[in-house]
Amino acid sequence: MIDMSVDIGGLKLKNPVLVSSGTFGFGREYSDFYDLNLLGGIAVKGITMKPRKGNKPPRIAETAAGILNSVGLENPGINNFIEQELPFFKNYDVPVIANISGNTIEEYSIMAKELGNSVDAIELNVSCPNVKEGGIAFGTKSELVYKVTKAVKKCCKTPLIVKLSPNVTDITEMALAAEKAGADCISLINTIVGMKIDIENKRPYFDNIVAGLSGPAVMPIALRMVWQTAQKVKIPIIGMGGISTWRDAIEFIMAGADAISIGTANFYNPYAPIDVLRGIESYMREKGINKIEKIKINKGAKNYE
Amino acid sequence: MIDMSVDIGGLKLKNPVLVSSGTFGFGREYSDFYDLNLLGGIAVKGITMKPRKGNKPPRIAETAAGILNSVGLENPGINNFIEQELPFFKNYDVPVIANISGNTIEEYSIMAKELGNSVDAIELNVSCPNVKEGGIAFGTKSELVYKVTKAVKKCCKTPLIVKLSPNVTDITEMALAAEKAGADCISLINTIVGMKIDIENKRPYFDNIVAGLSGPAVMPIALRMVWQTAQKVKIPIIGMGGISTWRDAIEFIMAGADAISIGTANFYNPYAPIDVLRGIESYMREKGINKIEKIKINKGAKNYE
Amino acid sequence: MRCEICTIVDNYRVATDTYKMVIESKSIVFEASAGQFVHIRVGGEYDPLLRRPISICEFDKEKGYLTLLYRVCGKGTKLFVNTRPGDSLDIMGPLGKGFPVFNTELTRPKSSMDSANTQRGLNLPLSEVSFNDKKVAVIGGGIGIAPLLELCKNLNKPDIYLGFRDETYMVDEFSEHAGTFYLYTEDGKEGCKGYPIEALAKNINNYEVVYACGPKIMLSKTKNLCEANSVECYLSMEEKMGCGIGACLVCACKSAQDDLYKKVCVDGPVFNSKEVKFND
Amino acid sequence: MRCEICTIVDNYRVATDTYKMVIESKSIVFEASAGQFVHIRVGGEYDPLLRRPISICEFDKEKGYLTLLYRVCGKGTKLFVNTRPGDSLDIMGPLGKGFPVFNTELTRPKSSMDSANTQRGLNLPLSEVSFNDKKVAVIGGGIGIAPLLELCKNLNKPDIYLGFRDETYMVDEFSEHAGTFYLYTEDGKEGCKGYPIEALAKNINNYEVVYACGPKIMLSKTKNLCEANSVECYLSMEEKMGCGIGACLVCACKSAQDDLYKKVCVDGPVFNSKEVKFND
């Protein structure tokens, strides 16, 4: 019998396929395509203390095998989220991960505390490139990653996932800081800071100038970061960045991910998470592998320098 | 009359279209396709003090809109380069840029000194992700960028270009260090550290584990870094990373590049540099622009934070 | 709403860079209403990456045919042109909210009207939009005429105002359904010289409802014209899209009621003019 | 060597996942010699990004036709299958060094022999390869037979050893040019059961030159066999490629003469077995 379940830092998933924050709304939208209970878990759209209207359009640009987005954390705020969006999941038996962004460490803590009773895990977004305050700033300095994780961990009743920014010289420094501060799990990568110029109008394409790159284009970078991180930390890793097929997912798991998450691929293939899930299953069946973790390349088999 | 010429830190180019180190051999190969004199300049394959045999194959993998390479600086060493490769350019009237990598600051200095009389400019490669010693290490710490640039500048008779690594949290820190140390010009980006897993054999695809990502996939990242750098430094910038069409090139110039360089695109379209050159020319004609620098978005028009 | 692998029945040029594609669908067509759109995947695995939103121009529920009218402008639409009858195409839809149609004399069965009605889910109170057999004008510019054809078929001989840069297309198809038909080209090569909004402005007081699709500038003028004259106005909007179903929040357009954004893909693409604003 | 937009004349299946493509070329075909390859761009702008190296299987200089034999295994070759007669294809070539052919009785004009000779530029002294009408064997495995067909036509009835997993193809085309023809399949469905190297090993002392193309293991065994018996041996090698012309250094294969690497694209793809080594 194949056991697809994984435990990522106390959060038990029936399978390792998650969907990524910001690419899956509050779950409703994709429920028209398949039964959400099939998913390992759902990371909902990033939320903040106060409602945010988000950035001025255009908010998306297609790049070579990728997209740049500049949504700017549009969201109804934590209260509306709890009142209007969370109840939807009452009908489902699928873990919900709340992705939170704060302007200050205090904001992060308050939100984590408030959500602790109603969601299955908290994902700290210390890495959104699309907002001026907070966001990415927290994710590019290891002291800040440490501080915010430590503070939130104290008041967070659910497993705490820290989502790392790829916009750093050394991802393992950030990962180690999160681990040391008590994170139960790490997720990576968030989008990479990119840009596009509107040459017809001779100006940056996005009002916010820079935007976040995601999609297949970034996968080699994401995979490298997951590998590097897996060599250094003991806590579980959720790998993401450009996954669109089950083979991509297997690469991430081999590289050291305990679970994987589908983001941008949802946009062009709404069935991507299900396709990936089925693919992993048949891969395991074919290879006679009965536990997800056995897919991994043994840590230290060849140590990464 | 359209004036395509640019001056990049004392190196005068008849047009702003260069070809990137490592993607254009020592020039010979592409001379079968067009007259090399058409190019603004040629950055030849990176060279080191001693010959290097390079990494074990496989050395290339195709990724979504990009490639990973793990050549590992295979090159005949500086002496063979001077004796066997440089004379080829005697027949051409095209600036040759020697791209050098050292294990130590001293090696960089010796090479720059030796090459000073025979090439038109030196490009310091402080950013190769495919070698263990030196290379990228120099490019990810601003003190080291400063030190190596400073030392080389002292003994370098030709314009000195410092090629930055994109594998950093803040590219402008590196750019400012190079500028402060006396660099005449900055080129960016080198390849981004990426990875691929060979899932059939359950191991990293490359012997060196990580490899360098280039091609259209990285363009949004490269463009962002050129923009950020252009907001901060006064010395000229050679922009590269994923350029394959003239529209890509215009984006880089608008973002602040004084010249642009074609790398990976040479592989799938050997005429890419010529196509880009012709495209820039007609763009300028159509828009009535007579100097390359007038294509740029005015610095500080909207300051990047 | 679903993804369906459909078969291309026909794909031909109707004007410079403008093509009509007929697609056989087993399910999408039966759920579609005028003004909705489909989200199409073409090309290789990653190039282009995103789907392309295209309005449903016509549907024939008997044959199971959807017709699209598209203008070639970039990578995706260039690939559309290269598809041939018999090829298959990955289509998601029908998406978004279409035009509310409340005429008594419909060419369509009653049920589709009902569903259009409930699907609207406007923020405005329902009474405001529950009119019958109102005097209606339809105005379209360029490729923006695409979603209007099915609409016109559903209306009771509306006055139709179309504008093109120089070359016209689909003129017979539209005029067939028109009460009065107004045709404009920017250079006056065909029809009158100028813009259809000029004629609509003259006649605006004849109408109770105006439907519009076309360039932003046309939509913005139509909105102002209608609101100044207290005419109900529905606009079909465009914005770059990701998911097409409300999950990614990239297709933002300014809300007129508050300082927030609406999602073109699910709140629209058809909006009551009072829901949206243009100023920027 | 150049890039040429060629027209596809024919493209059809010869066995499971194995296709033959005939291409009309205005220039590449006239420069080609047996064992060289072309570098092909298919698909959209970026997907796949790189060209795909495919051996020239046959050429017809009178008609200006190149024939390719290819096996579908990934993204690029899947796209090859979808091309149809009349489509155009961006082809770079002819690339690399082909097989040295030194027979007196040639089916080709003398000049092409000369050019093959000078193009070789082997590191070995020329005398060593200047043999005439030697006794020759050709051994190919699977899709590796592709570059051998044109070679066989240029040789004087060589003995030909072909091996396949189960399904065979191009057997008539090869046997037509063979002195003795040996056919093997792994499961013995057609021809003998086993591998062609077994037969070659028995007969090795009949030959002065062996040409080989196929899986690495076959090449390696052929190399060892020939060198142990002092038989001249030419191997056509494969390695992943970028530029295809010697500029990027990614197509490295181990040199036998020193600890360095050779470039399959310009030093090969055909190597004298003494130039390369396999051990890793």
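Letters A, B, C and D mark the chains as written, and numbering starts fresh at 1 in each.
Here is the rule we go by: a contact is a pair of C-beta atoms (placed from the backbone, for glycine too) under 8 Å apart; a residue touches a chain by one contact, two chains touch by 3 or more.
Everything quoted here is computed from the prediction, not taken from an experiment.
Chains that touch both chain A and chain C are the following: B, D. The chain with its Cα centroid farthest from the Cα centroid of chain C is D. The interface holding more C-beta pairs in contact, when B-C is weighed against B-D, is B-D. Per-chain Cα centroids separate chain C from chain D by 56 Å. Separating the CA-averaged centres of chain B and chain C is a span of 48 Å. Averaged C-alpha coordinates put the centre of chain B at 36 Å from the centre of chain D.
Our note on geometry: chain A versus chain B, Cα centroid distance of 33 Å, whole angstroms.
Listed for chain D are residues 45-48, each touching two or more other chains.
In chain B, the positions touching at least two other chains are 64-66, 215-216. If you sketch which chains touch which, every chain touches every other chain without exception.
Only residues 64-65 of chain B touch chain C when the two sit together in their complex.
Residue ranges of chain A in contact with chain C, taken from their complex: 22-25, 28-30, 32-33, 45, 53-54, 56-62, 64-67, 69, 71, 74, 215-216, 244, 264, 266-271.
By the touch rule above, chain B contacts chain A in their complex via residues 63-66, 68, 132, 140, 167-170, 192-197, 199, 202-204, 209-211, 213, 215-221, 223-224, 227, 242, 247, 250-251, 254-255, 297, 301-302, 304-305.
The touching residues of chain D, when paired with chain C in their complex, are 43-48, 75, 79.
Taken together, the chain C residues at the contact with chain B in this complex read 45-47.
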